[in-house]
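Structures are listed in the sections that come next.
Two complexes, one shared chain (chain A), two partners (chain B, chain C).
Let's look at the complex of A and B:
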């Protein structure tokens, strides 16, 4: 009995003790874990940090997070309380000009916090016992404990000299180890990245940090993605590359630009033939977002009608578009979401162009079931990984390669060689479950099979879509013949009258002179 | 200057001398245009997307909610950029002179933050009044009947005061500058024909107007050749060597301005025209678009672009992309398209007939005339003082052959006076006939060049020169008909005697006739 009593006492005591040592930051049970608030101080155009905000937003949306974006100037009080996760991006070195509202809210904030750039806010800096320094000039950096030598040029580089937590991204200057770029606290609830510029290694590092911070498990899958396929591309090259990839057993995604007019013409049918062949060579077909030239909000849902017509045309010819590739800002626009992205369950998230054509802007991005982060393949290859290394990407990534780069046979061979030799695993997109819906068709991909309206598609590449030769019938209607003859008759009549008139004029002039100008 | 009426007193003549038809016409057009532009509800022309480069390169920016007014409502106010403008040097056009002048006036009298486009309209209205004064002066200064002069004045106001022309003054379209500068060109040419003012001054002013016209936009650049060629006829006015060399020099200036305009045109403009010359020209009426493309050495897949315009809201590829540059733009130009049309005349004639249907579409039907605050429907048009435009559209046959027949008729009528002048060796009087030929050539050339250069895209804007030249010819013809000078030349004004006469009138002395009768 005494033994049981002491055991009971021990259990009670340990429960009480554990109550005091549970971490301060807990996952809120009532709030949505997938919502992230991104706050930034400024966009810093024409600096090395100009891409930071767009990149982080793209990263987070590719990780399946619903991002709400705001800057300090427009930050509303108590907003942080609606989110479990806050990312704060500092693009200016002097970040003492924090918005008072944001700073006050952070003092009481209990959720997860991640800061990129600038000096870490004092509340979190104290928790991490952080010490940072600034290195001038050229620095060499390595990440993931791999010697991915990247030289950070230009202005001063802030780095972490000491902190309590997991330190990532070694920074060394002139061969001497000096510190790290990133840190996560013990439970991955507080994160800090001292520096972020337009540098791929830093970008991959911040992706890795964010992934750990968001507690996302598993490695990202990489998909080879051929882009810029248009009806005006070199079809021979496309067919050749598709065949080579198929023969090597390399699956790929093909992003084809949509066509909105003359959908029954011969030129369109030739384009469909090429897309059909790409699909037959184990290519997953995505539609590229159309090029937007202007914003006319009174266009009567033009985009939706045009996209629907194109998807229907593809499906009519047993070609299954499985997703769309669009610029990141489309996810933040209500009209583009509905009229462009609404057909698909999969999106490839690409960088924004310089000029954005907003229609109905919101602060919160759309989340799709399948989202891929796009990264140019050439940038990844430029990392110069050693042969023994294997590049694991932190998120699902579309490694894009534009077919416009295939100018010569040697460039194609170079590309194929890089695909074969680079230490990265190319995954098969066909394994994902996807859905595309248009007004007339329902396209699904399940367990590696594609179905259009419930029926599996035919992968037979020899079955070409028959070109309808439109013979020009020189049919002249009866009316045209009569008018043509009438015209000729009238022309002849007028010409002869004119000639007669001139003749009479010449004759009469002679008589006139003879009669009236006699001297 | 008028012939003395037999039964009229000197004071009666003085009234007619002060309230001349030209003054009446000028005031009349001022009143009509002011009612249109400055009296609520204000009228103008809505933006179709073309204002952007004009506005931003001149230091203007769009105020909030501007986007919702596209096509439907004209916007009266714009923001004024007060700091560094990175778009400052992207737009080369003489239109900027007038915009900058109006911005100066705006800052002086209104605001340094908000630009009211009516300040620009004020400048154009004043210029129009001066231009109409000079034009009517050249048409009526030798009127045999006083009333006929006033009739001509009324006719001029009716034709040139039409709101289809003047509503452009409240917009950033270049049509307003084009309209006003062409009236000056016509006026100065006719004043030279009449020897109304100092010849050298008129030639210089003609050159300035022509340079403003030519440097307005790219499509006007080739017209510098026609203006220069016509201007060379001024050498016949005066045998003085200095005068002749000055004329030659000034005509070279006009030619040079045409060359400069081409040089400063941005790639984007070239691409716009080149793109639409193919998609809205060569491919539009082609029975076999792929065959047409292959004849130009272009990939037949581009047949998919048939009927598309440069400013398509959603397109397959960017119109400025490398793909189009290498696959399309590098394969053809103005010359190859001209050769194509020579080989396919039926297609060219079809397009010319399409253009002829739009000859008199001065008022763009796609753009509204009222402000949103006026309460009018989106895209509503004004019918204020647009009788002439309505009549002209109704009676126009809409075929290219019309201009051929019309041209033959009018030039045939004026040929008699030309032959007469030739026999009398009065070379100054050749100018009227040459002017008629120039008008015909300008109208026809503008039509052909817009088809070859841009297909049938934006025809109503590209063909504006045709209705202006047509209206100038009609005005000249009708006024000569009224004053009975179609088949015979007007008298040349003897300016010395005219000055004597004016002095005599002021001193109430009996005045002497100043006409150099033919």
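Let's look at the complex of A and C:
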């Protein structure tokens, strides 16, 4: 008994002692695994790498990682120690831009490291025993068994000829395999992508690499997402497409733009009817983030009030908005996070526009419970995968398709055909557990069912709204009849008076001539 | 609380009703015009009643000489009328000019009363009361200090008054002497003509009602004395007097052949101040006499009371409300779904306004021109909207003055050479 007691004491004591030992690795290991620091050397506008930083940030936030973004110039010493995972993006060809602070910190750093572009930092290059080559001229790179040709304009393409780890992304020159684009050493948690440009195959490859590097398990789900639905859209087309998808058993997400005024007008009611119908056809409704065109507004709560009013209006009509689709930079802005994204637990992360309207910028992005990466469906189709292949996306992805492209019946049919035949599995978003909260309503999606304030939504509501619409139309037509009659009566009356006035004018003319014009 | 739709419907209905009333008045006024064209006025040619012509003047040096000369040129026996100029607390050289005139017309019955700050300077009503006390005529005529009446004006007025016992007063027509000076005076010229041929003539034709216009009118002295002279609290002493004459059971008739020419404001500021005084004055009269709407004895004048209420309250509020709703609707702050009033209707209503107004000006020489048609069209977009601002402003200022018990100041209209 005494022995066991001593053993127990020893175990407890050593646990306590070990608490106070602070080797860097252990310290790093107790940190939040979801935080990632992204450091970049420059944005390289107007080059093939200009999209790299934005894309990687969007990728990582879609993977549920809390991204902190900084460039080398603003990098603060010892920052790396706060993060388990560092992604270093090199956009310039010459990575002698490496800042002393960052390089020094990396020497001591024990966490996970991933570099994109440039020459891999020597510490990690040595660990991987990496050998790279630079190919000049036209290089063909095959990624995911797809041929893509990278046309070089006076610059060279770096690739990996050998290294210690899993090599991904075959590079071939003149039909001969020469090397790989990416490498991942899972044991040391080091990843390297020799080259990244604005090409979907490369982007999917780096996403795959990052996912493995972050030890994210499971395959990403793809969701068909119809976007740009507004009160001015062609509702007939929307209804038709929704019905076709429903009949084919293809679930989808519908992103509808919010309305902030005239919420009780007939036009709004028609819009709500369409959204309700989309919901009834197994569409998961998302709200598109409103277009920002100025930031110098006096009312700091305006966006929040407007979004709240719109969500309340939707919920009042048994329409459940399950998330929001917004540009990636909103996740980095405190005001947009609070006033726009704050209502939802799900976000579709879209590409940033050229011009960003910051209100309160931070370095660290918000992480939402459910985040989808957005990818235009047409881009995915352009990969031209063979029918036998199956495209597996590394992260949960909203495959977006704007309804503005449905200009003709043939374009609609083409879209439906692509959806039917493309080798990608479209998932049902309804399976996710989600929550939306406004000032008056609590919307939940649980176990495939949607609840508004605790009550499940009734898909037969479509019928009820139809009846309501008919009633309103009847009332409207009665009002219109009264006004039409009033109009006709007044037009008749006034026209008659006008004729009388013309007669008076003719009489006046005679009198006038007689009195004033005769000599 | 009324919805935006309800407010819009009410204001639109009010506007249509008033438009219909004005159409009726234009038609009636034109019928009266045709009647007067064919009617012969039996002019007095013996037993001329003695007339006291009162001319209240305050700092009228610019115009007073011309005015008095015109008054002394009436085609009326010179020994049967006197001209009493009440030079009311003037600080310019009016008194010298008037004394000179007196010297130039030694045989004429020209009386100059100079008041000072102690007994004068309290507005037109007070000046007229002073003149009334000094006068001796059985008939009292009033002319503003900027008027140049035509030679037969007095004769027509006297003739009209004495030949109809029902009449307590008779009013003539006033024209704009400086109507060609600028666009504003052209607008005023058309406005005054349409007012007289529509509102005055039309009301007389339909209801035997007219309102004293403040100048170029004549009244029985006994009636004036009975009703206590002019109300010194009234800024629109003419309208106020008219209502009291009605209360005595008399009529006021419009005699368009008695013509005077007066100077109208040539600048917007002067115009705005003058019209604000008129609006405030008329609202005072309306408020004072609204109870008469329910008085059986005064059913004759109910139309006038209702008409003034309709113009100064209903129409102003209706126009302001509908304009405000239009702006708020476009801005998205309110929603109106009343889409029933057609553009065709609005267009016809505007055409009615233009033709109706043009009809009233064709009664005068040099006025039946295409230029005037264009000016009337322009008036619809500009002058009428300005009137709306004046009316709304006057309404607000009247209530502010009443609430804070401010003294009602008589704004003297500036004269131009």
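Just so it is clear, the second predicted complex is superposed on the first by the 417 of 519 C-alpha atoms of A that agree within 3 Å, B and C clash if a C-alpha of one lies under 4 Å from a C-alpha of the other, contacts with A are read in each partner's own complex, and residues count from 1 in each chain.
One rule holds in what follows: contacts are C-beta pairs under 8 Å (C-beta built on N, C-alpha and C of every residue); 3 or more make two chains touch, one makes a residue touch a chain.
Since the model is a prediction, treat every value here as computed from it, not as a measurement.
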Which superposed partner A:516 touches (first chain B, second chain C, both, neither): second
Partner chain in contact with A:232 - chain B first, chain C second, else both or neither: first
First, second, both or neither for A:257, with chain B first and chain C second: first
Partner chain in contact with A:508 - chain B first, chain C second, else both or neither: second
Which of chain B and chain C A:362 touches, first, second, both or neither: neither
Which of chain B and chain C A:265 touches, first, second, both or neither: both
Touched partner set for A:304, first chain B, second chain C, both or neither: neither
First, second, both or neither for A:402, with chain B first and chain C second: neither
Doubly contacted residues of chain A, that is, touched by chain B and again by chain C: 261-262, 265-266
Residue numbers on chain A that touch chain C, as the complex places them: 261-262, 264-266, 479-480, 482-484, 486-487, 490-491, 493-495, 497-498, 500-502, 504-505, 507-509, 511-512, 515-516
Of chain B, residues touching chain A in the complex: 49, 67-68, 70-72, 287-288, 290, 299-304, 306-308, 311-319, 321-324, 327-328, 378
In the complex with chain B, residue positions of chain A that touch it: 228, 230-233, 257-262, 265-268, 270-271, 290-299, 302-303, 306, 404, 472
Contact footprint of chain A on chain C as seen in their complex: 16, 20, 23, 26-27, 30, 34, 37, 332, 335, 337-342, 344-345, 348-349, 351-352, 355-356, 358-359, 362-363, 365-366, 368
